[in-house]
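Remarks on the structure that follows.
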Amino acid sequence: MISFQNDYSEGCHPKILERLTQENWKQRPGYGTDDICARAAEQIRSLCANEDLAVHFLVGGTQTNATVIAAALRPHQAVIAAESGHIHVHETGAVEATGHKVLAVSSQDGKLRAEDVRRVLEKHTDEHMVQPKMVYISHPTELGTLYSRQELASLRAVCRENGLYLFLDGARLGYAMASAENDVVWQDLAWLCDAFYIGGTKVGALLGEAVVIANKEISRDFRYAVKQRGGMLAKGWLLGVQFDTLFQNELYVEIAKHAVHLADKLRKTLHMCGYPLLLPGSTNQVFPVFSDSVLAELEKDFCFTFQQRIDECHQAVRICTSWATKPEDVEALCSKLTLLCAEKQERNPYGDQ
Amino acid sequence: MISFQNDYSEGCHPKILERLTQENWKQRPGYGTDDICARAAEQIRSLCANEDLAVHFLVGGTQTNATVIAAALRPHQAVIAAESGHIHVHETGAVEATGHKVLAVSSQDGKLRAEDVRRVLEKHTDEHMVQPKMVYISHPTELGTLYSRQELASLRAVCRENGLYLFLDGARLGYAMASAENDVVWQDLAWLCDAFYIGGTKVGALLGEAVVIANKEISRDFRYAVKQRGGMLAKGWLLGVQFDTLFQNELYVEIAKHAVHLADKLRKTLHMCGYPLLLPGSTNQVFPVFSDSVLAELEKDFCFTFQQRIDECHQAVRICTSWATKPEDVEALCSKLTLLCAEKQERNPYGDQ
Amino acid sequence: MISFQNDYSEGCHPKILERLTQENWKQRPGYGTDDICARAAEQIRSLCANEDLAVHFLVGGTQTNATVIAAALRPHQAVIAAESGHIHVHETGAVEATGHKVLAVSSQDGKLRAEDVRRVLEKHTDEHMVQPKMVYISHPTELGTLYSRQELASLRAVCRENGLYLFLDGARLGYAMASAENDVVWQDLAWLCDAFYIGGTKVGALLGEAVVIANKEISRDFRYAVKQRGGMLAKGWLLGVQFDTLFQNELYVEIAKHAVHLADKLRKTLHMCGYPLLLPGSTNQVFPVFSDSVLAELEKDFCFTFQQRIDECHQAVRICTSWATKPEDVEALCSKLTLLCAEKQERNPYGDQ
Amino acid sequence: MISFQNDYSEGCHPKILERLTQENWKQRPGYGTDDICARAAEQIRSLCANEDLAVHFLVGGTQTNATVIAAALRPHQAVIAAESGHIHVHETGAVEATGHKVLAVSSQDGKLRAEDVRRVLEKHTDEHMVQPKMVYISHPTELGTLYSRQELASLRAVCRENGLYLFLDGARLGYAMASAENDVVWQDLAWLCDAFYIGGTKVGALLGEAVVIANKEISRDFRYAVKQRGGMLAKGWLLGVQFDTLFQNELYVEIAKHAVHLADKLRKTLHMCGYPLLLPGSTNQVFPVFSDSVLAELEKDFCFTFQQRIDECHQAVRICTSWATKPEDVEALCSKLTLLCAEKQERNPYGDQ
């Protein structure tokens, strides 16, 4: 059985294991105050061409989101997110557990627009309602879509005008940077966002997310926030060493390109076979719609994640490639898709799926 | 200028002022452990025909909602509410400030149905999402609508089947009980809900809400919850005395009937004049739709609360009557409406508003 | 049975009841945005000779403390208090429920000194510990002691040097202002503290505390904080009218003087009879030490609050006078004390208690 | 420079690195639902001879403490801890950030006694104070001391009698189990505690703590708690694999014995040289008292952690050995101590340090 369920099924890039083994016996100061974390942070600052950025290494995405949001907001303030935003649906209320409301906005493609933000602001006029203070976006979104540089700039503008922070969840950021559609560069992120994070867990690391904070209102005392929310590892260098490795010779984006390349291949096959996509996409997540019978056939050999039911006999699934995906596994999936398509055509030469 | 903006513009029923004056110099133990609170609680228990109910007197609605919800839920649990529910939109995130997510369900008439609850439950399947544990409803709703006994029983059933609590916000409960449409009696409330509260602030008291808790999982240590959330008055008898007064000789429902009677009158006039309602209703809140010009005319003499824009030249407003509304003020409003309607007809004998 | 258990056993000063009755039928905007609240706030600002002060009326002390503290602190910050401080022992963890640690400092007389604050700061050096950010003091303290102007100035200085807020809990502030020992004036409070509150509940009001905030970092968006923590009454004028009344013609301090005068009388009698005090004092709280047998005799006619056991046969109790205490009740207590003292001397002319 | 500052300066036991490398490319389900986590949990259950135990793998100690405590307590409930308890002083208010008060008890040796718990219970009598509901102990304590089986049983008894949970923080549990003084076995822990955790980070793992929960009131829905508090790793097997390795062939206690053996050696040398200990001890932490001049000499080659100043010219430091400590490093330290001692004696043959 081959799994395409997610991008965190395997361990980490072998270079990370090598480094871990290499560094294992060296004594280091605790809690991320070591030389490797410093170097990894420096690499990220240099990539973003901004020496003033604060860089912190946290353990996981849910924790990172809750830590940044709780550090940024006063108790009566809220964060605006797309209805499909990870903080709204898939973090067990971690943000609310820090006391803050998530203001959810419906969105077809998982993206927030400047006008969505404006509409929320218009409705929140006085002290009987929470005060919107932050915009949370995922890039890529949970639906695999990307923001253009222009869209980010518009969000940035509406945030600036209204005193809001812009926070970008980059749990899969590598796959955005590796996409052919992408026109956002690292400097843009650091300049457009008040804070963002670079996902390690889903892009080649064992664990770890690198938070980059441009706004000093958020970064002030941020180590206290990390410690309080349980994100400060005694052996903090363990996180640093992973990002240090991933950002040497652009390994991070390079391994993401591998995943995107395989996903593109899959998208091409799906298109040729006439399987529609729930949403267009250009990163490592693919959301095809299959009839139940085709899916049943595929699931004899492959695992996917259920996304949503389309109608009585069709459903959308999520297929993830990753830095670790074997080309032959994608090959196998494509062959099977082609085969099923051919069989279908034989049985029903003029009809549709 | 006459205000119909809300049902808390005036002070309290004169009998309450009398009682306050009468009791003023008597020394009493603090924090609601006095004889008057005991008697008021006893009256409510007896009204509900259930000697096992816990009755607590709190200060205001936002506080009451947050206190009950935080006392009932474990940190990962959430409360389901209609999108228009007071806890979701008008309490400055007070529930989230206690750490809990509000799962909002869209609803045309402000009511939640059993099937809405089921749909939320179906989506919340594992530990990556919050766990729905309570259903919050307002009765009357924020849109002035009422639950029937049957609807409450269905909600109760879905809650029971799934281990959820049913909590009813009765900030305006008196006006529900006074409505001609109402088929829910006090015993029903105590039997169908795990907890509910009887609003004082909007129905004749200076301040105060009486929480009635049937489920011992929620009532256990409830005084700790009240104290911690700032709802325990040193002079707790001040709350008790108001409910004691309001529940003597059914004063509570009687004064609510006054408000509903006046609202009915207004509804009749609106109907006769051809002004549509945003929603049908039978309590003290009326939501007529006016053209901007008619509204401008009305607002020379009367204040309403803006509800929502309908189209480019119409908007809905909320008109509230209360236990304190003077019949002559409703009379004046009705006359003006009739007059405006007549003028319009003169100008445009065959047309519409 | 006459109770000296506390200063909130009776209702309110009759002038307040008069005003409530007078204002009862006038329609007013909700949530403290009315003319009376504005006037009451203006009176307080003028008393403090500072037009820039923010003044808000909240319902009770626990709520006020939690609201101010949560509005002022970021999540990793803590508040320093004496071990006997109300927020540390008698508010059911209300401050912790907003997410903040109370750093308790042991103190014999309930007061914090500048050096106590310094010691706490010295110990809190990095992000593995909370960050002290506020000093909380009660004036009078829970043990009836007072800060001198000089002591407050020292606290202010240490706070300033270290970027801490100074917050004064004045639940019984009137009794401090009325004390012969007091050398702090209203302007001092507004100038020395970042925030303080003027207690109504224990000094002649039915309920209500007036928060006065000098520091704009704390007052920014404070109405959101009040609403979220359940302290914003729909009929907010109910709070305003009480402070408006209490601050006309200095009624607030005048009625407090009545209480202090009676407490002084009691202290004199205790001294003459040879009953020691646990702590010296000059406000409305008296903490005499009685033998168990004397106390048993007294408790046939009077109620006190147990304070602490001194040894196997002595205990300290708290005796409270208030704005409502009848002079003849204190007279009766003094007579009984004198009588018991005389009897003792008769039985044991040369011995001690 | 050789560091004895703590027991988390190095990476992990080489067998763990081997296993990580071995398992790296195998696809596994996420979030700790994999086969390795299951096997590691099974090993722990079998060690504790109790098949009903819930076992969960979390990332770090602060997070683990906050997660267990928040899962166990209702909002008004508090946890009792020694004043030196990690949750009270070194976790940046993480427990308070979940809304709960830590009730600190002073303790000379870092241990809590049954009578301490009783005293706290006696003082917490009503709803104006938090309700003590859990006892938190560290074993070994932060001062390196151990509980005897009898002491744990007494704590257990007082908890049982009063409806409290007993929670044991075993961040350094291995070093307790490896101590010659220890008389507590794994079964005892599972039987005496409602919950405890087995520290990985400080005993040979890269990161990770294994929580063992015997009480179903706490373990119910525990995965929700872990997710919400940011402790659920996407690659959860990373934690499982470490405990699976550490619990094969008793590696966990074996490597802890190495550390304790070296600490014992050091204690012997200190004793022979006449350097007193702040506290007796038998685990991997040693707290010698040195004169400032001796310490200055030692710090040319070795790093320790400052513990506390004893008098004007002496201070106590903490020396930690660990599973990774090189025997030759302890040898070097012992030699230097002996040398310094000899020099001192030469200079001052009859005097004292």
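Per-chain numbering from 1; labels A, B, C and D assigned in written order.
Operating definition for what follows: contacts are C-beta pairs under 8 Å (C-beta built on N, C-alpha and C of every residue); 3 or more make two chains touch, one makes a residue touch a chain.
Everything numeric here is computed off the predicted structure, so don't read it as measured data.
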By label, the chains that touch chain B as well as chain D are A, C
Longest centre-to-centre distance from chain A, chain (CA-based): C
In whole angstrom, the CA-centroid distance of chain B from chain C equals 35
Chain A and chain B, separation of their C-alpha mean positions in angstrom: 42
Of all the residues in chain B, which ones touch at least 2 other chains? 75-76, 91-93, 97-99, 127-128, 130, 224, 227-228, 232
Considering the complex alone, what residue numbers of chain A touch chain B? 75-76, 78, 89-93, 96-102, 104, 127-130
With touch defined as at the start, can you tell me which chain B residues reach chain D in the complex? 31, 70-71, 74-76, 98-99, 127-128, 130-131, 221, 223-228, 232
Given the complex, residues on chain B that touch chain C span 2-3, 5-6, 8-12, 14, 17, 20-21, 23-30, 59-64, 66-67, 91-94, 97-98, 201-202, 206-207, 224, 227-235, 238, 324
